[in-house]
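Report on the following structure.
Naming follows writing order (A, B, C and D), and every chain is counted from residue 1.
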């Protein structure tokens, strides 16, 4: 089965999740800069979630570029990932509207943790299907980032009961670590198709 | 007429329906785990509807992979299916916010029943157009699942007036039965295009 | 310029408009069938708008299948059509929530009238670009339906101040007239590519 | 890496942003034309933002048509543009619901300014990657419009504290300037592929 329609569906769900979050931003009732400043937890949560969903889209994009086919379990692992990503707007709103209160911040971290594990599982299924010698397997390599992220998320979830600012800082750190796109896959693809300047 | 744009439109509608449901999740006003626990009927309804819409996307995907062309009646049967799927977020919210009260749960089942019948009708039109010897026809075969689901939905609708938990359990059972993707079509496609490792 | 991306964008906007309408359906607060019965103006408005947007998608689909290229004015005429279609959820909610009161029903008709004129203008630009001997031109022919619809909408708008039920009946009649997809274009395409069983 | 999926994702985000704005339109509670007239700031803001997002889609479309490949920085510059475009519905609602009060109007201008700078940065990265002799570079040329727009936005933001009507007029002027699609790229493409009547 080809990857085309799974990519299209994933893109649609991520694009919708990233965009509908803006609908959760409550319109300030006041018309002063103060009103906007008071909305900073909401806006900061939005920025963080936008970047995180953007990273998922980006890495998902890279991974599927290097994938030649999908099967039933991969489709379901992908839907599982999309399930957790679709919950991001919900926890983002809860955390933002309560100015990073402990429990909503922890819940935000739990959804990110679940999404990270779902991505890891999806990647594992693709590598198993494509084989250890495939582009994806070579590109992922030891996957330090993939293994480090869940650990950091667990630390962040714990921290949210001590200092939710520190927890958010940890979540933002994970995002920064991932902001560097998977050049490994890009390099792998370039090595495999050295003279291909486009699709 | 090619199936491409009908697939794209269906994917978009299902992707949107699956994602906007999260907008119906009311942000808890409290910031305790209790608030999240009190939201369990809403969250459980969301999970169930996400899985059901995911199954529809998946099977729709498989069916159209094996379909080579569409005509007017198929386009309309497809829109009819999308109509009922688009109502899922509405009944999901009604059922979830009222903690599985009888009538909302029955209404949830009615929409699922209508969607199942619409899918069955769409499948019938595609088989009639493609011919009894086509991949789709061979893959669907006797279609036990397709015939069993409406019966189970009717039972679930009836049960919702006795015990809405039992009704939800029946709806979840139908989902579990379908969770196994249509391997038959996958097998049919593989048999028809044995040396095709992806589009 | 190719029609591909314009089709994709139009599909996305129409798919979103058709699906987000369900977000405008207010969840009944009650849990009785009465609550659902009281929601009938809202649900009926939803069904009508769903069918109308489905028709636009369908005919837009057919028209662009027969179109080989687009230019700047066509892109803008298309955006103009999408603008009016994007307002359909707004007028649908206003009309439904006020149980077909005169002014909201007339406003609903005005948006449908504007969309019909925008479609007519888009079609005219495509025919001018493709030439009078093109498949689109031959398929549209004298375009009785395209010329009749605005007249019926004007009648419906007028009627909404006498009897809004009659007005809605007129709007529904236009939908029924169009429900028969543009077989002319299908026939034209088949004649032009007689041995083409797919994309 | 090909431009296909980046185009698809951008289209989806812009299509969603353009369409969900209608969800921000508050349904008038009254059923009179007065109610609709009182909603004119909301409706006017919607029209302006629809046109602006339509322009972005259109020019983005043209630019990527002339682009043959994307790399990591381009993907991120694109996401950065989409971030600001995704905030348009938020500032549109704030400005519209407060009838063009100074601060919301200035905030609206700030988001437009940021989007314009993000587009300019994206364009710069694409030209650097494609080379100075590329179709995109030739088509953009001295890019008077791209350089003028941020200046006009800054003027508009300043004006919003003196007369928000004048500020909105400036924002609308920028839109009008851009309404003429990038014929330069179209001409460049035609020159490069003179006998190509579509993809």
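In this text, a contact is a pair of C-beta atoms (placed from the backbone, for glycine too) under 8 Å apart; a residue touches a chain by one contact, two chains touch by 3 or more.
Note that the structure is a prediction, hence the values are computed from the model and not measured.
At the far end from chain A, in terms of centres built from Cα atoms, lies C. Two copies of one chain, chain A and chain B, touch each other, and the residues they use overlap weakly: the shared fraction of interface numbers falls below half. Bringing chain C onto chain D by least-squares fit of CA atoms involves turning it by 90°, to the nearest 5. Chain B and chain C have CA centres that are 26 Å apart.
We define each chain's centre as the mean of its Cα atoms; on that basis chain B and chain D are separated by 37 Å.
Of all residues in chain A, those touching 2 or more other chains are 8, 12, 16, 20, 23, listed in ascending order. Within the complex formed with chain A, the residues of chain D that make contact are 1-6, 8-9, 12-13, 16-17, 20, 23-24, 68-69, 71-72, 75-76, 79, 82-83, 86-87, 89-90, 93-94, 97-98, 101-104, 107. Here chain C touches chain B in the complex through residues 7-8, 11-12, 14-16, 18-23, 25, 27-28, 31-33, 35-36, 47, 50, 54, 57-58, 61, 65, 179, 181, 183, 186, 189, 197-199, going by the rule given at the top.
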